[in-house]
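Shared between the two complexes below is chain A, which has chain B as its partner in the first and chain C in the second.
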Partner chain A sequence: MNWLNRIRMRSISVFIVQAGGCRDCALQFLMALSENNEIKGITVTGNPKHADCLLVCGCINEKSKEKITEIYEKMPAPKAVIAVGACACSGSLFRRENSGLYTVEEILPVNSWIRSCAPGTTEILEAIVRAMENVKENHYRNDEGRNDL
Partner chain B sequence: MLKIIWFFAIILSVPVLYIAYNLIMAIMPGQSKTYILQPVFRLIKLFEKKDEGTNFFAYFFSVGSCLFSLIALYMAVAGFNFLFVISVLSMMDLLVITGAFSSGEFSGKMSAKRGISRFIIWLFTSIVSAAAIYKATGTLKLNEIAYLSENNGLIISLPFTFISLFIILLMKGNLLYFNFGISGEELTILGEALYTPYSGWSLAVVQIAQWIEIGVWLKILSSFLPLPNPVSFIIVSLLFLSSLFLDLFVSKVEWKKAARFSWGWAGGMSIINFIYLFYYLIFK
Partner chain C sequence: MSRTWSEKQSRTLMGKLYGYKSMDYKLLLIKAAYVEDFVRLKYILEKDGFIESVDADIPENSTIPSVTEVFPEGAQMQKEITGLYPVKFTSPDTRVNFEQEQNDNLLVEWGPFHPLLQEPVFFSFLTKGDVIKKVYAETGYNYSGVEALCTGGKIPHVLDMLERISSVNGFSVGLAFLQAVEKIHDIIVPDKANYLRLILNEMSFLRANLYSLSHITKCLGLLSDNSAIFKLISLFNEATSLITDDPQLKGILTPGGINRDIENETLLQLNVILQEMVHGLSAIRQRWNDTQSIIERMSGIGKIDKSIARAMTGRAARSAGFAEDIRKLSSLPYHVLSYKIPMAYESNCFTRAMLMFDDSLLSLSLIDQAIEILPKGDVKGFNGIMSKGEVLIREPEAFGELVVYVSLDEGIVTDIKIRNSSSINFSFISHFLKEADLNEVPLVISSLDLDFSGMEK
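Up next is the complex of A and B:
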């Protein structure tokens, strides 16, 4: 790991998107930040242009899909995407035939997955750091299709 | 030589204050911890990030604002006229606001609106303060004010002006009730930052400009204390540091409320001092 990557991991700005669902994943993340963890330097931002990491929680429908891709495009590279919780990773209970739900993987290149419901506080922080470790300077646009990480 | 040392010391002073804040927070029990050098890490990270926005003017405005803040710093260190420093600082602020507006985004325009209301308040306060300082000292040159103050203590005759200028410092640092929601740390969509069009290295440049601007205000405020310049600069810096801690206990208010508070504390205080001086000089 080069020194720039190390610095990048010591100041991570996270943008949370609560696409739908019970909101527990987002709450778990905020709880993780308020605890005294060994992982430090993670902050929440309300501005996608300041963000390094996109945390997607909950089930994604047609409307939130557009917003999430819009937010992703605004984020400056290098950027990471993390699918948090069962809903974001697979649609969980809510995914049925023709339900119109998407997983994060279907719309964005995902760096980390946390599949549990609800995810543990430390797991989320760990996933953010791991995702930022392996992040590459790739660019993705909605109309260009998925790119490989 | 002394001026060059001052110049670089002021540039470094504000990041050092933020680092000191993180250091004390790391020692204090029960507080959320972060890396002590996180402001520096963030800056390096931002320089390294790619800004893929289509808003080319954001780069121009960010570099321009940094340049103007450096000019203001030079003027403050060299002891230029107070109003010259204010005019250069307003140019810097206007560049940042215009950059935000030029993004064409809704949030950019909204934050430019907040920036303009903050700009009007601090400019009005500065002008009234300048008038009060001129009435008290007969000069507006910062080096002469500092010299007079070292012997007589300008803070004694201009206590409210000192408070109002300190409120400008708090407004610039987005602290206490004087936070206009343009720090970029808000969690809601309505609390979007002034730096919306800026990301990557242009945001880093604006961040540096803001640090330098805070340093300039620290230097201006240090002219009020009846102590040698370096000592008074350290005391004002410590006051700023203590307000950083006080910010932890003060709840955030909506930006329009912040503007109302700022009018009262910054504008009101400077007017009170001016009226007091006016009557004092007429009826004494």
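Up next is the complex of A and C:
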């Protein structure tokens, strides 16, 4: 199936979820796509059924948690999940005991983490490509195919 | 005091609010707090700089009349109170009505995550054909509990959190909070620090306006203009990299001033880079103004009546002919700079987009003027006296008026309430989406500059 992976790597559809928080991570991703005119292989899709990669930004609360899980289930396998920014990775300053916020890792199997606040544009693109390179259908069950930037 | 809320008390409360409304007062903020077994609601009203308040002690689990009958701009603040305190307001549940009215119409659910929405918000549209007949918008997907987390926190920690409240208005919220702290503690901010704060504040407005324009271009499908706007944003990032690594300008503010001096040469370099934007912005503005198809597409949608625009803030009000100068409210030295508030006479998507260009150009002009007359001296203020107090600050943010209420006790934040411009403007969303086509929704919403992350705290 290597040929399929090669084709998939040339055209990556990303579904971006701005779960809550300041939205700078989502803006940085849009900036990354627009700034680098040479990037043609990564596109944003509005339909989870067309997506290869789920980008989760911001703090996840009870309401967004349900919707994110719903979106993840609709995505076809093999799929990659990337936690973008400090809020998505750890809850950042907003996470305290009983604050009702979740990290992406608590609700989905994550392939890549970008921990900075706010992440750089090239870091996001690199994480997407690396996650898609390493993801395979059953990887998330065995904790393989994970990257940490 | 009585443990039940009576009809007579409702009439007295509404009578007071109607009285202020008839005197042209505007609702600034609704503040709620627990006082013994009651929930104390404080309606803070304003007219020409005079602030009045109406208090009501509501027993728990009572239902009181909705303020939206008098001040429709209070709908979102009221919704927030319902979520946090055991108080209900007598507003009809529109969602239930929707399901009853579905017979001839189609219920279209949209969101909360949609590629053309800037932030999560869930819409339910009751449509006939493609035309929207009723709108129900549900928020709460952005809620991160900032206000609750700030209560009991120390000033630097609270500042760190407030700067992260919104990517586009975080700097303004942090600045307003610091101004409250400085007012309570009697800290004198040096002149140079005030000018530098003004420059940084205008830079944050510029960034916010550029992102708003990028969303408009995306919704219009003008990909080359979208790319041109993003080039301007990368120019902005290049300019900010001379001062800080963070384009959101986080971590520069400190109580009493700013935490690092910025040399004049650096500021001049920054200004040269920023002023390069003037040509690019003016060119796109001119092209849109000369293109009939863009005018036709945008000017027919997102219209706001003057009667509604009067209660709104920011570009929504200014585009309808209300000369709202929020910079005048600020304690920053805006009064020494020369500027004219951009405004239009009919509020629609096109005029609001044109104001986005004008506001960006105005910010660039103010930055240029402030750098030219920048005074010399320290950038850190004199230590004040730790004291107790509460203060209400009104400051400009990129999209309208920002109101921050802060209560401090010996350097600890005991209460904080933030009301940004989107809390006001969002309350009217069902008015101007009514009778619009379904495919116009992203464009109309982008032209309103809603900043949900600053609103859903």
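Before moving on, here are some points about what is shown:
Operating definition for what follows: the second predicted complex is superposed on the first by the 132 of 149 C-alpha atoms of A that agree within 3 Å, B and C clash if a C-alpha of one lies under 4 Å from a C-alpha of the other, contacts with A are read in each partner's own complex, and residues count from 1 in each chain.
As a working rule, a contact is a pair of C-beta atoms (placed from the backbone, for glycine too) under 8 Å apart; a residue touches a chain by one contact, two chains touch by 3 or more.
As the structure is a prediction and not an experimental result, all values here were calculated from the model.
Shared-chain residue A:S11: touches chain B; no touch with chain C. In the superposed model, C is the one of chain B and chain C that contacts more residues of chain A. Of the two partner chains, chain B is the only one touched by A:D52; chain C is not. Once the two complexes are overlaid on the shared chain, A:A77 sits against chain B while remaining clear of chain C. Residue contacts after overlaying the shared chain place A:S34 against chain B and chain C alike.
In the superposition on chain A, A:V44 makes contact with both chain B and chain C.
In the superposition on chain A, the residues of chain A contacted by chain B and by chain C overlap at 34, 44-46.
By the touch criterion stated above, chain B contacts chain A in their complex at residues 32-35, 37-38, 41-42, 44-45, 48-53, 107, 184-189, 191-193, 195-200, 203. Residues 15-24, 27, 30-31, 34-35, 37, 44-46, 58-59, 61, 63-64, 67, 71, 87, 92-94, 96, 99-101, 117-118 of chain A are the ones touching chain C in the complex.
Listing the residues of chain A that touch chain B in their complex gives 4, 7-8, 10-11, 33-34, 36, 40-41, 43-47, 49-50, 52, 74, 76-78, 137, 139.
Those residues of chain C lying in contact with chain A across their complex are 112-116, 118-120, 140-146, 148-149, 157, 160-161, 164-167, 170, 211, 214, 226-227, 230-231, 233-234, 246-248, 453, 456.
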